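Here chain A shows up in two complexes: once beside chain B, once beside chain C.
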Partner chain A sequence: MNNNPIFIIAKKEYTDAIKNVLFLTLLLFLFILVSISLLVTAFNFQSQVAQYNTAIAQLKSMGQIGAILEKPQYFPLQMLRGTIEYLEIIGAIIGIILGYICIAKEKGNNTMLLLLSRPVTKTSFIGGKILGNSLLILSLLGLILIFIISSISGIGHVFFSSIELLKLFLAFLFSYIYLMFFFCLSALLSIFFKNIPNALIVSFAIWLLIVLIIPQIGDTMDPDNQIPGGFFNSMHMTKIQQNEVISKFRTYETFRNALEESSVEKHYERLVFATLGIKDIYNGKSLNVIFKDKWGDFIWISSYYVGSILLAFALFKNKRVLEKMS
Partner chain B sequence: MFEQLSTVAINEIRVLVREKTFLLLLLIFFLLTLFSAYIGWSTKTTILAVYRQSVITLKQAGTANIPSNPFTGIAHLSIFRNMIIYIFLVGSLMAIVVGHRAFIRERKSGVTQLIFSKPLSRSSFILGKILGITIVLLMLIIATFLVSIISSALIPNQQLTMLEAAKLFSFYIVSFLYMFIFSMLGLIFSIILPTESLTLLVPMIFWVAVTFIIPELTTGQNPVALLNPTNIIQTTSQGPFFNFMHTVLSPFSVEQHYTTISQPLLETQKQFRSLGILEIIKQNGGSFLSLMLYFFISVFLTFYSFGRYKVTNDKIYE
Partner chain C sequence: MFKDEPIIETIDLSHRYNTHNALDNLNLTIYSGEIFGFLGHNGAGKTTTVNILTTLLKQTSGTAKIAGLDTVKESIEVRRHIGYLPENVTFYNNLTAFENLAYFAKLSGVKNVEAKVIEVLTYLNFSEVKDKKLGGFSKGMRQRIGIAQAIIHEPEILFLDEPTSGLDPLGIKNLREIIIRLNHEKQITIFMNTHLLSEVAKTCTTIGVLNHGRLIYKDSLKNTLKRFPTEVSLEEIYVQMETNGNN
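Right, the complex of A and B next:
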């Protein structure tokens, strides 16, 4: 097994990346972002509790019962909203950079064709690259997972239950699938483009479209998002009444939803937000209930993942593409 | 000197408009501008209809006190409010690429030594580059303004008055200032860093910090929530931590200064409709001055970085 070219290339990929300044800079940056998002969420919760206590004290001083106010509830997994959003945005950039580096270094040093002149098949070459970077992304996510668990339990003194840990683990597994899609996308483009920095810019343009712009358009078209706090809340409408109203705008909603569904990021977000209970209706629900609703999103992100890997293999085996590299 | 300067600037424009990646980003930007007017109009029409339908549903349920229509009097210009987001997402990123490409080309091809063996001063060269970038960004902004005007003219009952058109133009001028700062960021790092990938990545890290981190720390909003124009209208900072962060970080929040001026210019809220352009600038003088200050600082830093650039010792790695 040790002499298998796939494992040798995978090991080389892993060791090269952990020595790469670019990768380490991004990793450090991601850790800073995760820390900031945890800190901001913690302070947000603290300010909600302070507001609640002030309101209760005011009501009591006026001789009224404070129980009419809903006490802010602490759910540790919901604290991870910012972290997941940063993984959506910055995690995807890390995937892109890794995909770019893994091909750019071979092209830049002219080692790709040299390597292929040795007893290394194209499948082993690209398989090794994918395996090595898969392990790297899994290690990165593992480190973030450990960091989150230790900071929430160590500093916040809140301990996760076994089911919460399982949900957290699953959320990070989905994050791996999502990040690997961007890795493959960028690697694919780096193989395809003769001028490699162009591949990086095109990857960023695609990232901008599918991670930021398309979900943003879908979000701003939502009638409920037109007023801070929600339009239907301002109208004091029940969920049934809201659905009744929205059902009259089926074409608009179908277009809006189709726009969101065209983005892999939205499927990832829906799946992870449901798994972690960040979306309130799934908070505290069993994994069975969540997956009954969200299996479609899981199929979507898995299809993007498998599709991009297969495409990377197919493109790399294409003679004309390899000729462009020489 | 003027001849040298204009030669460098014209060359910069020529090379940029031939670059496929720049043209791709430009295409995305124009499509977004065109799409933004349609999205704004479609959303505006739909939310008014949603309100009417909600009233019917509430009346059928026997609700006596129905809240008044929160969307009454939505301004024509507000259909462009998504442009604020597109400028600080796509516009600034495109500006980074423009600035980055402006000098990395010369460094990569190794022609800087050759260029300075000619009778060309450093200041003429860098000033020419800045002028070229400025013209490219101004052309882009004017074209975007025209796309917005045309798209609003194509939408029924959406024709802009002269004052509204002037406000829209002012918004694009402010957007130019914002994009220019980022283009200088791209240029500065393409001068000082030794690795090509880092020259693009480091300004992008700055971009992420300005677009997501600082606003998150000052408002307490999650990164994705900040991309919704409705959310950036309200500031949720409460409590000592956010108050402190707001005080400390606000001067550095270029994005916040930009949105503070852009919102009244695009009449995103009813109370902004009655304001004239001068009143808006007067009311948001602090933000306007801050943007101007960042504009000049970015130019100064570009000159400073280029002054320290060693032509003979330059090496750039992949």
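Right, the complex of A and C next:
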């Protein structure tokens, strides 16, 4: 197994990346942001508890012992909203950088031709690159996962239940799929473009479009987002009434929905926010209920992932693309 | 020892890039033990020929054989028989000479990698750079690492694409000595694309001239010099061949 070219290339990819300054800088940046987001959420919760305790003490001092105030509830998985949002943005950038580096270094050093003149098939070459970077992204997410679990349980003295741990694990598995999509996108563009920096520019343009612009347009077009607290909520409308209103704007809603559906980021966010209960309606719900609702998003991100991998293989095997390299 | 049998053979080999005919019915036979200098102007089709022979490119039509193996149908097996040094390879600057060579050795299926890398570096009188990173290497040093990676799996044929490009006179002399040693001591057949006619005169046993994708001349260097008695140098012979070829 050790002599299989896929594993030899994968091992080199992994060791190259963990020595790469740009990758390490982005990783450090991501860890700092995750730490800050966890701290801010923890302090926020702490202040809610303090406010609650103060209010209870005041009520008691006023003699209203029997008054009931809703105690702030603690949902550790909801603390990860910031982490997921940073993974959406910085994680995608890391994926793009890794995809670019893995092809650019071979093209730039002219080692691509050397490697392909060895007894290495094109499938092994791309397979090794994907495997090495998959392991790298899994390690990166694993480190963040360990960091989250240890900081929340070690510092906050809050321990995750087994179902919460499973949800956390699944959320990170979806994050792996999401990050790998950006890795494959950038790698396949780097294979395609003769002038490799163009691949990076196009990758970032796509990132900008599907991570920042499309979701923002979709959110802005959502009628419920027009006023703080939600338009329908402020109008005291039931779900049936909401649907009735929306049905009058079918073309508009279809367009808005199609826009959101085209963004892999939106599918990832919907899926992970539901899994972790960050979206309140899914908080505390069983995985069964969540997946009944969100299987479509899972299929979407998986299709993006598998599609980009297949496209990378197909493109690399294309005769014309290899002609450009030689 | 050297065998008198074809080790490289192309039959009606043609390749087109869109509408451009890069190679036009190339029929070429190179025998085991030769040092073959492949000459031609820029864009004549020399690199395309090497890319097809090294299995990097599939020809549009015709066949190419290396050690009797078809370069398309038996490409992986062909790669075990050849070593290749493309033009302008810089290798991995973040790795040491040893790490670079070990990587290519593993990919070539070499068994005892560490011993083999040391053996090759020693053979090329280059063992002192073993633990140095390639980032600080000169062009000449990189070419020597390039030769080391190309011969680490003991190939029968070595393809060199413009190996002297960018080298200073000392670098060219060192490379020439290495090529001749590899041919004499290790019986490696050398296929060399080059522009430097002076090097061809000093290194090659056979020459071929490619003009707009067509082979217009092939013979031993000895016969070539005999055939053109009025020309004082190989350069003049080449110019005459190119002129005739264009006409």
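The working rule: the second predicted complex is superposed on the first by the 297 of 326 C-alpha atoms of A that agree within 3 Å, B and C clash if a C-alpha of one lies under 4 Å from a C-alpha of the other, contacts with A are read in each partner's own complex, and residues count from 1 in each chain.
Basically, a residue touches a chain if its C-beta (ideal position, glycine included) is under 8 Å from a C-beta of that chain, and two chains touch if they have at least 3 such contacts.
In this text, all values refer to a predicted model and were calculated from it rather than measured experimentally.
Trainee: Is the arrangement of chain B and chain C around the shared chain A a clash or a fit after superposition?
Mentor: On the shared chain A, the partners fit.
Trainee: Comparing chain B against chain C, which has contacts with more of the residues in chain A?
Mentor: Looking at chain B versus chain C, the one contacting more residues of chain A is B.
Trainee: So, A:Asp16: does it touch chain B (first), chain C (second), both, or neither?
Mentor: The second partner, chain C, only.
Trainee: Considering only the touch criterion stated at the top, classify A:Val245 as touching first (chain B), second (chain C), both, or neither.
Mentor: In the superposition, A:Val245 contacts chain B only.
Trainee: Would you sort A:Arg118 into first (chain B), second (chain C), both or neither based on which partner it touches?
Mentor: A:Arg118: touches chain C, not chain B.
Trainee: Per the contact definition in the header, classify A:Ile8: touching chain B only (first), chain C only (second), both, or neither.
Mentor: Once the two structures are laid over each other on A, A:Ile8 reaches chain C alone.
Trainee: In the overlaid three-chain picture, which partner chain does A:Thr54 touch, first (chain B) or second (chain C), both, or neither?
Mentor: neither
Trainee: Using only C-alpha centres after the superposition, what angle do chain B and chain C make about chain A, to the nearest 10 degrees?
Mentor: 90
Trainee: Between chain B and chain C, whom does A:Lys105 touch in the aligned arrangement: first, second, both, or neither?
Mentor: Both chain B and chain C are touched by A:Lys105.
Trainee: Looking at A:Gln46 after the superposition, I want to know if it touches chain B, chain C, both of them or none. Which is it: first, second, both, neither?
Mentor: first
Trainee: Rounded to a whole Å, what is the shortest Cα gap between chain B and chain C in the overlaid structures?
Mentor: 10
Trainee: Is there a shared patch on chain A that both chain B and chain C touch, and which residues make it up?
Mentor: Common interface on chain A, chain B vs chain C: 105, 108.
Trainee: Under the stated contact criterion, what part of chain C meets chain A in this complex?
Mentor: 17, 47, 51, 54-58, 76-77, 79-80, 82, 84-94, 103-104, 106-109, 149
Trainee: How about chain A: which of its residues touch chain C in the complex?
Mentor: 3, 5, 8-9, 12, 16, 19, 105, 108-111, 113-121, 319, 322-323, 326
Trainee: Under the stated contact criterion, what part of chain B meets chain A in this complex?
Mentor: Residue list for chain B touching chain A: 20-21, 24-25, 28, 32, 35, 39, 42-43, 46-47, 49-51, 53-54, 57-58, 61, 63, 66-67, 70-71, 82, 85-86, 89-90, 93, 97, 195-198, 200-201, 204-205, 208, 212-213, 216-217, 220, 222-224, 227-231, 233-234, 238-239, 241-242, 318.
Trainee: Report the residues of chain A in contact with chain B in the complex, numbered from low to high.
Mentor: It comes out as residues 21-22, 25-26, 29, 33, 36-37, 40, 43-44, 46-47, 50-51, 81-82, 85-86, 88-90, 93, 97, 100-101, 104-105, 108, 196-198, 200-202, 204-205, 208-209, 212-213, 215-217, 219-221, 223, 225-228, 231-232, 234-237, 241, 244-246, 248-249, 252, 269.
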